[in-house]
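Two complexes are shown next, each including chain A; its partner changes from chain B in the first to chain C in the second.
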Partner chain A sequence: MKFSWWKILCVALLAFTFTAGLLIPLGPGILGDGVTPAVLSSAAPGQLNVRTYNTLFVRDTGRIVARLRVSDDRAVCARSVRVANDNELDIAFDIPPIGELGDSSRFGPGMASPFPVLEIYGPSSGLATQERAVVLRKSADGYTDTAALCEATPFPRGPRMAFPFINLNEESNRNLFFHVPMWFGMTLLMLASMVFSVRQLRVPSARNDRWARSLAVAGTLFGVLGLITGSIWARFTWGTWWTVHEVKLNAAAAAVLVYLAYFVLRGAIEDEAAKARISAVYSIFAFVMLIVLTFVIPRMAPESLHPGGKGNVVFSQYDLDNTMRMVFYPAVIGWTLLGVWIAELNARLERIQEAVSEFPSDR
Partner chain B sequence: MAGVQVRLCAYLRAVSEMRAIAHLFFKDLLLELRQKYAIGGILLYVASTVFLVFYAVGTRVGQSTQLTTGMGPLKKTVSDVPATASVWAAFFWVIVLFAAVNAIAKSFVAEHGNRRLYYFTLASPTAFVLAKMLYSAALMTVLSVLSFAVYGVVMANPVKEVGLFYLALLLGGIGLAFAFTFVSAIAAKADNSATLMAVLGFPVVLPILLTLVRLSKYALHLNMDRGYVSDLLILVSVDVLLAACAVVLFPYLWKE
Partner chain C sequence: MHPLAQQNFMQTFLNRTVFFALSLLIALPARAADAPVDFFHFAGKFYGVVAVIGVIFVGLIAFLVWTDLKLGRLEKTVFSQKK
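And then the complex of A and B:
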């Protein structure tokens, strides 16, 4: 048997993706609907009930620091913190008069100020934060009592290795290692299929055609899996299986359809040489359409619900911290290698079938 | 001296290509004008679909109808809710899409094998495909404007930004023409090409149609932000890419 180091690498990377991607816990976070009440008045005492996720407040009792950050370096520090259980706190504030939150000119038009940021830190829990956690009513005269604010010194790093807690996403964060590599993998597999199609047009051979087809099969499989994982994720975070308000979703589905048509075309031509040549022409064309559909249109289209916002196809730097990156990049390589592996098996199977059909059957 | 000759040769070849393109273009136009039933059939298709849409939707856009018949105890009132602009746009693009399929499907599929062979002895494949695409684009421009006219008369015209709508119609029509011409060239090579034409064509024109739907939302003032420049750019870039693909790949299709 031929020694294939890349298959071992593929298995190792995918094993790492599944173990690290599913076992590394999520960092501490404040639940999206976990802060009540929604509005606090400045220049008055205020009480917040906060429900959190993956925190160890009981162990941290007496050492919890809670504050409402109102600008880069200033915060309203809690007067007292009462621990209800590991994931619930009652925080009392004496809120001084506060006029403007942060320096609003710093945030561009349409960009909401992140303040007030609710920050809760415990030595065992780590730091849980939520931007715009409450609406802080401004003082009547717009005056800010800076002297009554405490200094927002940065907290030490959390004690555990963890994926960031992102509201709405929560544990579904881990889908990043399965959903996004599908699109990376599909693009790379289709690129390889296109390269074999170009070679097929230059030097026609059964091998080039076989590989072009098999890589397209694997790429389409990845595309379908990308749509399914994306649809499940959309149901969890946006509350719907499918939406017309996301151009990436519909463009990606169209790209998969373009490749499904490729297989219909292959099925429609009897003559082997003509099939190889014509489907190679269509495959090159399909790859151009894939690039248009997954890179050009999502970049130029005005609206997107995906993280990274306008003009960013995949994700912004802010959504991906180093712990996620440590799993994400191996996942991309591992899944892509798996796609190549599937394509290789498919191509070999086809070659064997051809050989068997050519073998004269006497009986 | 040799350099001049080479350049002269290239120039003459370019001129002869242009002439070939022009000749093939007018050949197609002449055929169309001689066989009036082809274009007539498409116009009939447009007219009957528009009528069907009008009958199914029941009202013109933005105008509710109220009919009163009879008197006294026999008095009967029929009133309809006006059709919305988004329904108007949806049906319009469906009509244009199928008009495009019908009009352009024949560009390669209808040419008989022997005649095709004859053309290829006369012109280069690039000239041939360019002439076909230019002719399809011209035909689509005429057809989409005619469809808009008929549809606008029957179903009322809710378009607020006429210039933008015509620009979208032009660029979209050209895109549909290029895509279906190329797909028709591929489908002509296979058996059962009429079905294949639809199967191959629809996913390919989806990016054009998605963009057209967004653009018509701006033109109908269903979407009030001014982001249509990027959509127009998408249409232009898709048109250019389709033309480039066809020119580069077509020579491989007819080589046999």
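And then the complex of A and C:
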């Protein structure tokens, strides 16, 4: 094996990604369908049965704080909390008259208020929250008894290292370290392929053409893997393998098709010099299309099922906390280096084939 | 930079990177061991998935290393014959 420190780095980073990405537990959370009943009325007592995930309520008995936050700084604090088991609570509230949830001026048209936010904290469990946990019927006259609300002081940080619990995703959230780096890797590999294509046009050489093609092969492989991992994830979270209404899915599939057409084009041209030149030109346009399809068009879409649909194409600030970043960035580097490794092997194999084809036929 | 100095620099960089990655590999699962009961309730299914993914990962890396070595040998043979 050629001396390559980056290959060892690639294996180390991916080993870290697999180990940390799969074995660090999820933080505490409230299950998506875990709050019953779904509706509470203000100016009346109410009781909630809450089912949670990764909590230690038995150990926290007597020290659990539960509240229904109705604005940034005010909440309805629980009258009593009964622990059924480690992952189930019965919470009783005396809900005062509430006329308005949160500061309505903060939420523009089409933006849902997160309130009421159900928050449950235990010293051993940490903080489990759920936005819009229940529908809170407001008082008829719009009056809010602020004196009966408690102050929503922030809870301390959880006691253990954990990935954030996201209702819809649950354990499948770990796919973030596999699915998203595939797209990052694909973009970087295609960028490198385009650079070699530009070099090919400036200084034609078999080496530039070989690397441009090999990097495109690895990039397309990552694109296909990105589609497969995304489709599996969609099945778990959205209940369908594919949805035609999601712009990102269609645009990503189109981007992969653009690169598949690159290989069709190469296969259709006999003359080696013409093949290298024409495919280099195509590769440059294909990369521009990749950027348009995966970064520009999704931004223009009004709605997206993907995280960050209304802002950053890739992530919003809430989708990736620091614990996930600690695994995610090494994963991006590791997967990209793996792609470069595959491309290098492909380029070397092609170089050997070219050398063999130049041998005299009697040998 | 002198080639020897460059090689030393690369070696040091490599050693530190591998050491850092291995330290994280050991440290993170150790912290994860403080997980609540629920995670281990899931364990029956979850560790099966982890094992399958682990086997795929090891197999992929082994295949790449094997291919790399084989290509190295081929390159040696082909290009020495060409000369």
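Some points to look at:
One rule holds in what follows: the second predicted complex is superposed on the first by the 356 of 363 C-alpha atoms of A that agree within 3 Å, B and C clash if a C-alpha of one lies under 4 Å from a C-alpha of the other, contacts with A are read in each partner's own complex, and residues count from 1 in each chain.
Heads up, the rule we're going with is that contacts are C-beta pairs under 8 Å (C-beta built on N, C-alpha and C of every residue); 3 or more make two chains touch, one makes a residue touch a chain.
All figures in this text were calculated on a predicted structure; none of them were measured in a lab.
Of the two partner chains placed around the shared chain by superposition, chain B is the only one that A:Leu293 touches, whereas chain C remains out of contact. Look at A:Ile278: by the touch rule set out above, it reaches chain B but stays clear of chain C.
Judged by the touch definition given at the top, the superposed model places A:Asp145 against neither chain B nor chain C. When the two complexes are superposed, the chain touching more residues of chain A, out of chain B and chain C, is C. In the superposition on chain A, contact is made by A:Ala261 with chain B only, not with chain C.
In the superposition on chain A, A:Glu131 makes contact with neither chain B nor chain C. Taken together, the two structures place no residue of chain A in contact with chain B in one case and with chain C in the other. Interface of chain A with chain B (complex): residues 201, 247, 250-251, 254, 257-258, 260-261, 264-265, 268-270, 274, 277-278, 280-282, 284-285, 288-289, 292-293, 296-297, 300-302. Residues 1-2, 5, 7-9, 11-16, 18-20, 22-26, 28, 53-56, 86-87, 125, 160-161, 171, 338, 341-342, 345, 348-349, 351-352, 355-356, 358-359 of chain A are the ones touching chain C in the complex. On the side of chain C, the complex with chain A involves touching residues 10, 13-14, 17-18, 21-22, 24-25, 28-29, 31-32, 34-39, 42, 46, 49-50, 53-54, 57, 61, 64-65, 67-69, 71-72, 74-75, 78-79, 81-82. Chain B makes touch with chain A in their complex at residues 182, 186, 189-192, 196, 199-200, 202-204, 206-207, 210-211, 214, 225, 227, 230-231, 233-234, 237-238, 241, 245, 249, 252-253, 255-256.
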